[in-house]
Every structure is written in structure tokens, then in C-alpha cells.
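So, here's a batch of structures to check.
You will see two complexes here that share chain A, one where it goes with chain B and one where it goes with chain C.
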Partner chain A sequence: MSLFEGLRFRPGTTFVHRLDPRVKLATSTMVLITAVIHIDIVIILFLLMLESLVILSAKVQNLWIKTIRGALPLVAIVFAITFFSQYSREPVISTGLGYALTYSLRLLVFLSSFSLFFLTTTPDEIALTLQQLRVPYEYTFAFVSAIRFTPVMAEELQVVLDAQRARGLEVDKGPFTKRLRNLIPVLVPLLVNVIRRSYELAEAMEVKCFGASRKRTSLKQLNMRRKDIFFLVVVLILFSVGVSVKLLGLEPVKTLPLLGQFFPD
Partner chain B sequence: MTIIQVRDLSFTYAGSSKPALKNVNISVEKGEFVLVVGPSGGGKSTLLRCLNGLIPQFYEGEYSGKVVVDGLEPDKTPTYMMSQVIGMVFQNPQNQLFALSVEADIAFPLENLGLPRDEIIQRVEEAMELLNITHLRDRSPFELSGGQQQRVAIASVLAIKPKILAMDEPTSFLDPLTAAQLLSIIDDVRKRLQLTVLLVEHRVELAAAKADRIVVVSDGCVVFDGSPRDFFEFYDSHLYGVSSPKVTSLSKRLKTHLEKWNRVCLSAEEFEAEVRSLVSHL
Partner chain C sequence: MSAIFESVHYIYPSKVHALRGVSLEFRPGELVALMGENGSGKTTLLKHINGLLKPVKGRVIVEGIDTRTASVAQLSQVAGLVFQNAEEMFFESNVFDEVAFALRNFGYSEEVVRKRVEWALKFFELDTYSSQSPFLLSGGEKKRLAMAIILAWSPRIICLDEPTIGQDSLQKEKMKHMIKMLNTQGRTVLLATHDVEFVAELRPRVILLSKGEVVADGKCEEILTDETLVKKASILMPQLVYAFKRLEDLGFDSRVLDVDDGVRQVLKVLRHESV
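Coming up: the complex of A and B.
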């Protein structure tokens, strides 16, 4: 089931994996904010480098590269749009390319910021984080069951597909519209099964006292340890440097004369 | 002491014209192991759902009669309160597991009840030990076999510490060997915890010898209520839509042919003992 490779169910063993998920979420958010307030190629490159370092130390680079590869068409579009809009305003090729590169890289930083969180955090930890953030339990439950039942549904889809193929249905032949129409005999039984399953699930939830108490307790708890606090402090310092650079107008693009040629105000 | 009392219970599902249960009367003593059998669609599952209040609270319909389970009336008591008295295990283990690890799954009802964390930890450990699944603690439900999944489902129900365990065909998704293992685990657990057990089961040959009592439900009515030995010895179980254990049919035949053959057997073990005693008397 290659589709679900990205979902890790057992925690990894690296330093990043074992960080408190709240710290990781805060880090991702701060990286995102820094990238939002800056359009400076040096800072963007610096952020991208930091993200790569974290991702490499968590040994999830393969999954990360997959995500990036999936996003490449979007990055190309951003590159093209930025280049043309910049070029139409000011017909200097180097400036246009410079800005286009900055914006595309910035998009990569955006995407990676949350990959960093999701690729190194188990769904259970994500659920705990949501709970700690006072998200109502119903939403957390919906999130967890979505993950819990995705493989089950995929399996069911396969069964229905096989059953209908055995009855002579051709799902991968013919023109597009015909193939689309041929999916109906697959989708209808699938939907019926889902509804039936949802009934059984609701019944089991009732029996397991779902919603019995307003103050739901939790078996697992998140604990901040010394390394979590240390990591968070480092990230906070970097973040405040990033913000003050912006507030004081000290961006490398403005202060370095060589870069200023490529990125005029 | 009577723990379950059902009087004149009738129920018709909304949208159906035929009643699923008609004037059912049953009483179950504390600590009894009751096997509920009968043809499919006869009302066995409906009966179980009436005991924990899923009927009439979850399934709507026409409900009449009186049910008392450990002093509570399931039609008027919230299901989460009934669940603390009568735990229910369903057919499909897949649909009873919600969390992403075995441990979290067993803790799920306890978290819902808002128990203190220390107690949850303790109860989860106990339940895992009881069902012999401690080694599976961190596994996710789809890494487990059907038998293991069903054990987790039972553990998570037992962690609520009910007095009664009601099971609706818990072995129907399992292969014969796993089913036999699961039923002996259930028998073992109920003896250790002194649980009252209601088991709906089609695999009569595996459960008959373990049960104290057999209730045959057919067409919405209780058509037999008594000891399994009496049922299989004096009645033609096939007429009730219930298969009889192979050793039972065999020992019945032997009894008609052999003067010294004493009793009708319900399990292979009994049969073996009977043969041994017969041989030793020769």
C-alpha cells in the first residue's frame, strides 16, 4: 500500500522524531511566518537550509523529496508567473529571474515547513497535540478515524474492483467517459458498504461510552523535556533574529550592494 | 441472584412490519454462561441489543415489555451507563477498534468515561494481561490477525469492568482453529472474573460443552431454554435450525446400540472420557 507510506504509525528513533510534537508544530509555524514576512533570497535560502538539516537529521529525506517532486509543477507555475509579472514591470532579465527564484524557493520553504512536522510525527501524537490545543475531541476523533480507516477502505475498494472485474466490468479500457461511467458499479457497492460500516462503528462507539464525560482524560500525555525546551529556545532565538532583521530593515538584499543590483527596491 | 430479567419483551424495527422479538421471557443468574443459538435472522442479535439499551435508544422501533439488567432498565438508562454493567462485543473486529495502537484502543472507553490517568494505565495493563496481548501493545489494528483483533476488542470492553459480557457471534470472522482458541480464552476469562456471559454463536460444537445453559431463539421467540445436554439429548436440534456437535450425534447413536454407553457427549473430551471408561470396564 504505497499510498500510505507517508503515514507513520510507530514513532521513529531520531532526535527530531522524539521531540515534543508541540515544539515541532511551533517550529514549523515560526519557519512559515519567517518565510511569509521575508522575500529575501538569502533568508529564504537560509531557511531552506535549516529545514533540510532538520529533515536530514530525522532521516526522512526520501519522503520529503517525494513531496517536493509532487509540488514541482506548482513551483514551475509560480516561477513563470513571477518572472513575467516582474519582467513586464521592469524589463531586466536578471531581476526577473532573481525574484522568480526567490518566490519559487519560498514556496518550497512553505511546503517543507509542515512536512517537517507531519513526516516526523505519528498520527497519535498529532491527535494528542490537537487535544492539547483544546480542539474539541470530536474533531480529533474524526482525524484519527480517517487515518485508521483509510487502509481499510482501500482494501475494500480493491475487493469491490476485483468482484466487478470478475463479473466482466472493464475499468481500464475504452475512452475516458466510458471508463468514468464504468466506475459507477464500483462506487455504489463501496458507498453501501461505507454506510453499513458507519452504522456498526456508531454502535461500537455507543458501547464504548463515546461522549460519556465532558472531561475526557487521556492515557498518553505529552511531556516537555529538557531537550525540547533547549530546541525551542534555539528556534525562538533564530525566529526573533529573523523578525528583527525585517523590522530594522537589515535584509541582506538591502545591505549588500552586489545583491542590490539584482533586487532593486 | 438474578442479574438479567426480561419480561414480555417485544420489539419491531422501525420500517418493518414483522416483529423481531415476540413476548420474550428470560432470566439469567449471576455467573451463568448462556449460549444463545438459532437460525440467522431469528432475533438473537436483537435480544442482545435490548439488554444494553442499543434497542430502543440507537435503533428505533416499537418496544414493549420490561427489561432489568443489574437493577437498571436499559430502555431508560444512557448506553454509556449500561456499558459499565454489560459489555458488548460485535461480529466484525475491524469495526470495533478506533485507535491506532492496541493500548490506545483498550484505553478508549476509559478515556471517554473520564477516569483518572493512573487508573486507566492500571486497567489497560490488566486487560492486556487477561487476554494475553501485552506483546501487541504498540501494534496498529491492521497489523493484527482477526483473532488478535477480536481479543483486543474483548479486552477493551472488559477494561470497563462490566459484570456481564454479551457477545454477538465473535468468531464469525475467524478460522476454525482461531475460533476454538478464542472461545477457550473467553471461557477462561469468565471463570477468572466470575462474569456472566451471553454468547450468540453458530459454532455450537465449540461452545456447547462450556455453556451452563442454552437458549434457542427462532422467529422472534424463545423456543428452548434449558441445559445444553437436555437440548441435544432429547430434542432434534436440526428442527430448531441449530446444528449439533458431531460427537453428540455419534454418542447418541452409540447409546442406542451399546447398553453400557452412559451419556450423550457435548465435546470431544467428554467423548474420549466415555470411551476410556467403557474400555476399562471391559
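Coming up: the complex of A and C.
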């Protein structure tokens, strides 16, 4: 549940909150690409450190920690799967642990980059960003609605969970396969509610003449300011360095002999 | 005692102080209505009985068990909670399996499961829908199915959260009849509701809640006819009470909760006048 906390906008007046949403989206995307192209623990840790600095300056560290706490089971699964698949290929524990740690931290980088974007950007700003990126309004609306309904769904999930626990369902008990099976009584009512809600929303939008006018105008326009451009340039430079390191084969795991032991080619 | 609340406080993670020092006792076989405006703490109170919520201060004892030391599954066996929105618990492909789900969780044998499910479906007049999808039932039937699900394992305490919401008058009548039957069987029945007319006909013990505190606790006749108390809990008195309050000058008693009471009052005054 707390995993969803990181997708919920919290008002704030920090520098990060006031950044142009397009810059924030570009930053998150660049962090994501850098993390995808590198399987290098040093670079992943560096990205995580940069993200932590931005999170601290945005003063959303408590919510970020909640999100990370909620994602820990997922991180544990990634860790276990990576360790065993690596170990089955090459039965060296240190290598298995090295890769498992890298992949787990990489997942945290992904989560943090998007958590940061959603925590500091209002749904309206997200809609404007997508609109100015020429995404058709229907898709923008669908995406923004999905974000808006995330906390509602989190609440519904809690209600369904309570209802099934009141019927003797113990979601956290038993072996892994049983726990997975135990999710069915929770997910089915939730899915039914989501489908019903989407129909209701569609009807409500049609009643309000959604799509009647092809030409949409916005009251607010996004304008890049000097600080936005400065921030974007810094991020672009860091991104270029990250890509160059990959293209030139200068990753720390390849250049530092100590790390090379843990991460053979 | 069925359940005892000792100075219970509960604060939601959103910092809403939902219960503020609630102390109550529910006796075995009692029929109790918890009433109050939205957010007064009715549902929060019910969720403490089967351990879905644990007090942040104070304690709740249910059938001798301190809820802080027991799991929801353990407590649910003695205290069943029927949720406001029945559909929030449905997931099986047919009504029979929906009722059997909890019984299987509690470890009953298949033979016992079959017998109990059949009995519960019959009790709630749902036996003809046994193989039908629960999602295809009408609103009233869904509510009755939610009650059958809980009643199947015969908990000694039954908590109903807003049992009449979204129900037409015929379904309400059936619901009233079933609640009375459950109570007659010696079960403690707790209702959280705004529906004053429904409560007036059931004549339970009434507990008024406001902002997480108990503002009144007593007989239905005394509480639902007291304008000051009812206002405090932001609910309305039954319509007949308003009507008879206007006729007080003519010698009518305004503590009239249902049609039978009203007729008795009118006949009494008419007879008195004819003498």
C-alpha cells in the first residue's frame, strides 16, 4: 500500500516543486535510461545518491522512504531471482551477490525517479506536459485519471483486504505459493470495482460532453524559465557523461580491478 | 459480557482522531444500534470488535479475548462483520463457494461446510441462487448474501455496517425480520446506521456517537424522541415523533416510534374524549 504513496502529489514550495514539469519528466527519463544501459553498481549508487539529494531538497524524503519500504518485497524478489539465475550460470557467491545487489538498487533508482516526479508534480501539470508534448487529449486524460484514482484504489484495496480478513483470510501466512493464491480474493473484487468505476467515469465524462470540441485551449501555459533551463543543462551534461562512459567502455566495474572480481564479463 | 470497550482511543494514519475515550459494554443477546453523523466513529467502533483495528489507547475485550493479542481470523470466529458494500467481499464464481470460503479458511470439513452453507442460504432465502454468480444478484440479495457469508460460521456477535443502505422498503422489511430472528436466537447484534425509521421499528438499545465520543446510551424510546440528544448526534427523529410533538397540546405523548404506538395513542385520546 505504501508503494502508492510515492505516486501521490503533495503540495510544496521547494525549488523542485516549482521546476517546469517537462524538465522533471526529462530528468526522470534520463535517469531511467542511464540506469537501464548500465549494470554497474558504482553508477547505480551514484544515480541513487543524486536522486537522494534532489529528494532531500524537495523535502519529500519521508514519503520516499514509505514508497521504498512498500517496494521492499518487490526488491527482495528481484534480489533473489537475480542471485539464483546468476549463480546457476556461474556458481560464485560473490558474483551472484554483486549482480543481485546491482539489480535491486537499479529497481530503487527506477522507483525513486518516478516517485520524485509524481510527488512534486500536480496532475494538472502532468496533463499540461503531455498536452504540450502533443499527446492526444484522450490519452492524457486517461493517464491523469489513472494517477488521480491511485489513492482511491489504495483505499479500496484496504477495504477489500479488511473484508477478506474478516472472513478468515490470512494474506501473510503460509508458503509463497499460498500467499500468491491468497491474493485472488483481494484482486478479483478490486478489479470488478475498477471496471465499474471506469464505466461510471466514462458515462460521467460523456454527460459532460467530453470530446465535443476538437480544439482545446488551456488557461495555463507552461513556460521555461532560466532556472529550468539551467537545471536541464546540468542534467543533460550528466546524462551525456553517463552515456559516454558506456560507449567508451569506461565503466568502473571494468576499470577498477577490485570491482572486476565481483562483476566478470 | 459480549464485548467491552475500556477508554478506547483510535487515531487513523491520516491523523483523524476517530474514537476518543469510548467506554461501552455489550451484553450477550443484546440488539444495539450505533447512530451518528458521517465520521462519528460508528464503523471504526465496529472494526475494533473483530480486530481489524486495534486501539491506540485503552482496550477492547471480545468474549474474554483482548483484541490486541488476537488475530483478525481468531476474533472473526466470534464476531462477524458485514461490510457496508457487500460486493467488496465477492470473488467466487458462485454463491455457494462465496459462502463456503470463510468456512474453509476456518478449517471446517467439507461435509460441515456443505451443511452450513445450505442452512445459511436457506435462512436468507438465497438457496435458489446457489450456483449463480454473486455479482448477478440484486442489491438486496447481495446484502443478504453478505450476511449469509458471516452467519454461516455462527459468530456469537454480528456487526452490521449500514445494513439498509441502498435497500428498497421491501428489502428493508426482510432485513428487519432477519435481524430480529438473529437476535431471538441469542446473538448479540450491533448495527451501525443512520436510518432512524429502521431503528425505531427494531427498538434496540441506542448509542449515539458524535466526533468519536458517546453522547447518549439508552433505550430507543428515550433517545430517539429527545430532540436535544438527536441534534447533538446530527441525526433526525423518526417522522412520527415530529408529528406527535405537534399534537402534544392535545394530550398526545410524543414518544411514538412506530405505527402501532401511534394508533394506540390516538385511540387512547379519542376514548378519553368520548368519556
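Going forward, the second predicted complex is superposed on the first by the 179 of 265 C-alpha atoms of A that agree within 3 Å, B and C clash if a C-alpha of one lies under 4 Å from a C-alpha of the other, contacts with A are read in each partner's own complex, and residues count from 1 in each chain.
By our rule, a residue touches a chain if its C-beta (ideal position, glycine included) is under 8 Å from a C-beta of that chain, and two chains touch if they have at least 3 such contacts.
Since this is a predicted model, take the numbers as computed values, not measurements.
When the two complexes are overlaid on their common chain A, residue A:Val207 makes contact with chain B while staying clear of chain C. When the two complexes are overlaid on their common chain A, residue A:Val160 makes contact with chain C while staying clear of chain B. Shared-chain residue A:Leu180: touches no atom of chain B or chain C. When both complexes are overlaid on chain A, the residue A:Arg216 reaches chain B alone and has no touch with chain C. Contact with chain B, but none with chain C, is seen for A:Thr122 once the two complexes are overlaid on the shared chain.
In the superposed model, A:Gly168 makes contact with chain C only, not with chain B.
Which of chain B and chain C touches more residues of chain A is settled by the count: it is B. By the document's definition of touching, neither partner reaches A:Ala76: not chain B, not chain C.
Once the two complexes are laid over each other on the shared chain, residue contacts for A:Ala142 go to neither chain B nor chain C.
Overlaid on A, the two complexes show chain B and chain C touching no common residue of chain A. Note for the complex: chain A touches chain B at residues 9-10, 122-124, 141, 144-145, 147-148, 151-152, 197, 200-221. Residue ranges on chain A touching chain C, taken from their complex, read 156, 159-160, 162-170, 184-189, 192-193. For chain B in complex with chain A, the touching residues are 52, 54, 58, 78-80, 83-84, 87-88, 90, 92, 94-101, 103-104, 107-117, 120-121, 124, 138, 140-142, 156-157, 160. Interface of chain C with chain A (complex): residues 47, 50, 52, 71-73, 76-77, 80-81, 83, 85, 87-91, 101-102, 105-106, 135, 149-150.
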